Amino acid sequence: MINKYAQTIKSELISNKKVGAYHHLVFEVGTMASHVRPGNFVAISVGGPTSSMVLRRAFAIHRSMDRGASGGVIELVVAPHGNGSKWLTSLPIGSYVKLTGPLGTSFGIPTEQVRALLVGGGYGSAPLFGLAEVLKSRGSRVDMVLGASTAGKIYAPIEGKRSVNSMTITTDDGSAGVHGRVSDVLPEIIERNSCEIIYSCGPMAMLAAISEIADKYNLIHQCAVEESMACGIGICMTCVIPLVDDEGQIRMQRSCIAGPVVDGERVIWNTGGSIPEGTLGAL
Amino acid sequence: MINKYAQTIKSELISNKKVGAYHHLVFEVGTMASHVRPGNFVAISVGGPTSSMVLRRAFAIHRSMDRGASGGVIELVVAPHGNGSKWLTSLPIGSYVKLTGPLGTSFGIPTEQVRALLVGGGYGSAPLFGLAEVLKSRGSRVDMVLGASTAGKIYAPIEGKRSVNSMTITTDDGSAGVHGRVSDVLPEIIERNSCEIIYSCGPMAMLAAISEIADKYNLIHQCAVEESMACGIGICMTCVIPLVDDEGQIRMQRSCIAGPVVDGERVIWNTGGSIPEGTLGAL
Amino acid sequence: MTFNFATQFGKSEFPNPIFTASGCAGSGKELAQFFDLRELGAVVTKSIMRKPRSGRPTPRMAETPSGMLNSIGLQGPGIEEFLAHDIPWLKAHDSRIIVSIAGETIEDYAFLAKRLNSVAGISALEVNISCPNVENRGQVFSCDPVTAAAAIDAVRRNISDTMPIIAKLSPDVTDIAAIAESCVTAGADALALINTLLGMVIDTNTMLPKLGGKTGGLSGPAIRPIAVRAIYQVRARLPHIGILGMGGVSNGNDALEMVLAGANGISVGTATFGNPTAPVEIKNELENLLISKGFDSFAEAVGFAHRDPSANRSKN
Amino acid sequence: MTFNFATQFGKSEFPNPIFTASGCAGSGKELAQFFDLRELGAVVTKSIMRKPRSGRPTPRMAETPSGMLNSIGLQGPGIEEFLAHDIPWLKAHDSRIIVSIAGETIEDYAFLAKRLNSVAGISALEVNISCPNVENRGQVFSCDPVTAAAAIDAVRRNISDTMPIIAKLSPDVTDIAAIAESCVTAGADALALINTLLGMVIDTNTMLPKLGGKTGGLSGPAIRPIAVRAIYQVRARLPHIGILGMGGVSNGNDALEMVLAGANGISVGTATFGNPTAPVEIKNELENLLISKGFDSFAEAVGFAHRDPSANRSKN
């Protein structure tokens, strides 16, 4: 059962720091922290009690820290995008928000050592650092590639950079790292490090491009997708993406509970805004 | 022209103190303060930029202080009633609100000395203290009667109490002053002090009762009415009350610009939720 | 004396009047992670159709001031998979069940009713007739008294007399009370008021409609005044019919508003998206409000706002 | 090249497409204390009737989530006092004027049109047909294509051919595009979309309808998705007709949404209650947005969301 440990809590914001184009936020979440796996997300109410915004906002959990009896914390990396995320990133510390989590699937982590390549686009790097820690703790090699339109939109904390074996940065405007896209640098890195599995998180177009490369090199590709979500808990059917099920049948499946982390091979990419032929209703 | 000096400004909240059932709020308003007359009100946006509350809230100006070049302030006395006033009274100092004022008519103040009786119900006492100051400064005698359901809902600051010649308090539950309504004590006070004019502000039912007494003693009665207001500036026609015009014709007139202060004699009281016979459309 | 919170639709009794709204509770399972479904009057299932449907392309949602648009397009697994999975699960968890059905033809409605007639454990059928009628230029069934009645009639003829039928109406009509009357004449025991209003958002960045399906259904607090009006109008026209009210109910006070207007039950939809435990919180708040106002039973409060104010029969 | 912000309804030109909404600008005077009325495309007056009317009892308003209800009941001084006071004042202040008229009978509309035919300085007539027809069980004129057309026809026959007629429609109908078509056939040059939706709020303290008039009209941001949908639908059906859009426009981005959906002009109503200078701020924001998106003229943006997205004719 998905969301087995999900709780709805009132959570205190205990740190709010601007980092480049993003805000790094830390929330007190009590026992919730102990149930968080890399790739999970939280849904947060925005705008306060008389808000005109009725839906929650979804954010990947950047890291979680279980501190036992003294209660755990989770960290988020949030881009001030529209009204909801702008409200959230402008909250003073000491504010409380209503928050539900941990939600969704997490990255599958092999018990043996692997040679892993982690690819993030924009704030999509957020969940990758927690993942990198777990992989490293199991003795795996971790290479990381982060891409964004411009330098300010690369989120890569120093501890995070240190904890990986290699870190490559690309920007569309060349303001940091390689001038270009992540897909431009992946083949070389895969070949150089004999990567066995790709973990990715970022815009859908980027994930599609990575999937193509994973296909070509015959690598496993676990990606965290992002579709507009109204509920985040599987009850509204707005967040669907076309996924191939075990019987080979394409179904519009809920990315909030069948995802956000899905097997890249199962996603029908580039549907150009229509439902792929032969798709059936989801369960 | 009504609202000749009205401005819309961003105004800083510089003090917020709980006083009984109310909050005493002080706002920086710059030059607006110099145009405030007793009885005027302000309209304030509530709930912030993503608020679901689209209408402004009206509050009588308790006092205004013009401090010349350093900018003036206005004081309000606000009851946390519904969502809007609760939001306002819970604002931390340093917050900014959008505010339009001064709006509406003011109490007419005779240039000669008069024997004035000021009657307030609940937060309706708010505009009376500023009025009392002006009257006293012109050498008038000022008696004041304040009524409310219970002691906590009597707003009477100490300086205010000191500045009037007499102060009578009534409460419905007897928790302070006389056990009863303001209308119970008025005849005696009017007779004892030979009052010549009544100024009042409070719930419509109270104003109606005072009007009857004013009628009986043949006194002038200037009252500040309160009807649900959507705009506060005369453009929506929601705030109308039946008023008799100079030609003796009843018209549904806007209490935000023909009022809030009106001649009690001209109001058709106790309409029981219907339009009085013979009423014509307002201009 | 204890407060009697029970309500009734047709011959079915429910321990309390708070239900989920169709399409806003998944298959029940997903919500069960947040509260025990037995706490609700009933779970109303997503509208189920004859065949599996993949629905409309994404994006399927757009937030609007105090509301949202959705264009799910009735995605679903079809009646057979639904009966094989969802119903057994709900029964195994002792949830009371109202099945919502939707069709594209009158024949679809008849087929679905017949198919459900043999299924045990269903408390009522909600018949979603706010769907495009493929045989009539895609005009929504509930937009016309004749097609609305035809759909209800098809259900009534194919299901047991004791099964309550709740006809779910679209507010996008000139005279909703007339449609309601027509459905009742055709055999509906109750009306579900209201489905979403047709709306649209244009994305000012792409300068194109935001939803993949262009238009979508508007729900949430924004539409509550429309829903209250519809409930009040239909209650005035049909004083003894059942009404399941919905549209923007987010707290106990909102629910009370609809009850006073004439609703015998309340479905909670969009509010659950923003707060998974909303239905249960609303149930508790409504019960406390009714008790604090001096009502002895829920039934006493239904339609209370229709009384003559001068008679002054106010509570307390 | 300078940006061309002008728009047109029928034969009348306006320097910019931002107007007040009928009933939301008093007689003009009151707003003039906050900005110069010449800054607007035009002032649309409150709907004026043949005789003075005292309107509905108070309370006449209720705030709702992201909106409000009003039940003014067309209070007004009647056409003669209006022509004696309001029109001369507006003319003296060089405001462009669109007069809104409302009637209870077809004869009222004919009378008002005839009376206005001799008045100089009016740029267009907005014909509010969202009013109850006393000769037809109080059914609103614009709820039926036949009565809607009859009202427009009565105006058209009694006013100069060169006077643009803007028919203002109620969204509370099953098919607004059909009503629009019918009005155009009867002689309307443009449609005003949308008037308020019928709603109700029940006061849970008194447990009675909150408004003196029980029901009221819902306006404000809550209804914007309905308005955008109506504009889009009517624009799709009638590609060359004028459309004056309104319903919850509170900033330049909201206005742009309606323009892209097909509006040739925008009326600002409820937003002005919350912020007296809203119309002017919206005008400036819309102009800046259109320029930043690379449009050379306002006209170019009207209905832009109807283009084929695959053709990729996006601006910039």
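The chains carry the letters A, B, C and D, assigned in the order they are written, with residues numbered from 1 in each.
Assume a residue touches a chain if its C-beta (ideal position, glycine included) is under 8 Å from a C-beta of that chain, and two chains touch if they have at least 3 such contacts.
Because the structure is a prediction, the values reported are computed rather than measured.
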Partner chains that chain A and chain D have in common: B, C
Rounded Å distance, chain A centre to chain B centre (Cα mean): 56
Rounded Å distance, chain C centre to chain D centre (Cα mean): 33
Centroid spacing, where centroids are CA-atom means, of chain A and chain C in whole angstrom: 35
Multi-chain contact sites of chain A, meaning residues that touch two or more partners: 52-53, 273
Contacts with two or more other chains, residues of chain D listed in rising order: 62, 65-67, 220-221, 309
Touch-based graph of the chains, sorted into line, ring, star, complete or other: complete
Touching residues (chain side chain B, partner chain A) in the complex: 46-53, 83-84, 87
Complex interface listing, chain D residues touching chain A: 65-66, 221, 309
Sites on chain B touched by chain D in the complex: 1, 3-4, 6, 8, 45, 52-56, 98, 100, 227-231, 233-241, 251-252, 257, 271, 273-275, 279-283
Contact footprint of chain A on chain C as seen in their complex: 23-27, 29-31, 33-34, 46, 52-63, 65-68, 70, 72, 75-78, 81, 85, 212, 220-221, 250, 270-277
Residues on chain D engaged by chain C in the complex (per definition of touch): 62, 64-67, 69, 143-144, 172-175, 197-202, 204, 206-209, 215-216, 218, 220-226, 228-229, 232, 248, 253, 256-257, 260-261, 289, 293, 304-305, 307, 309, 314-315
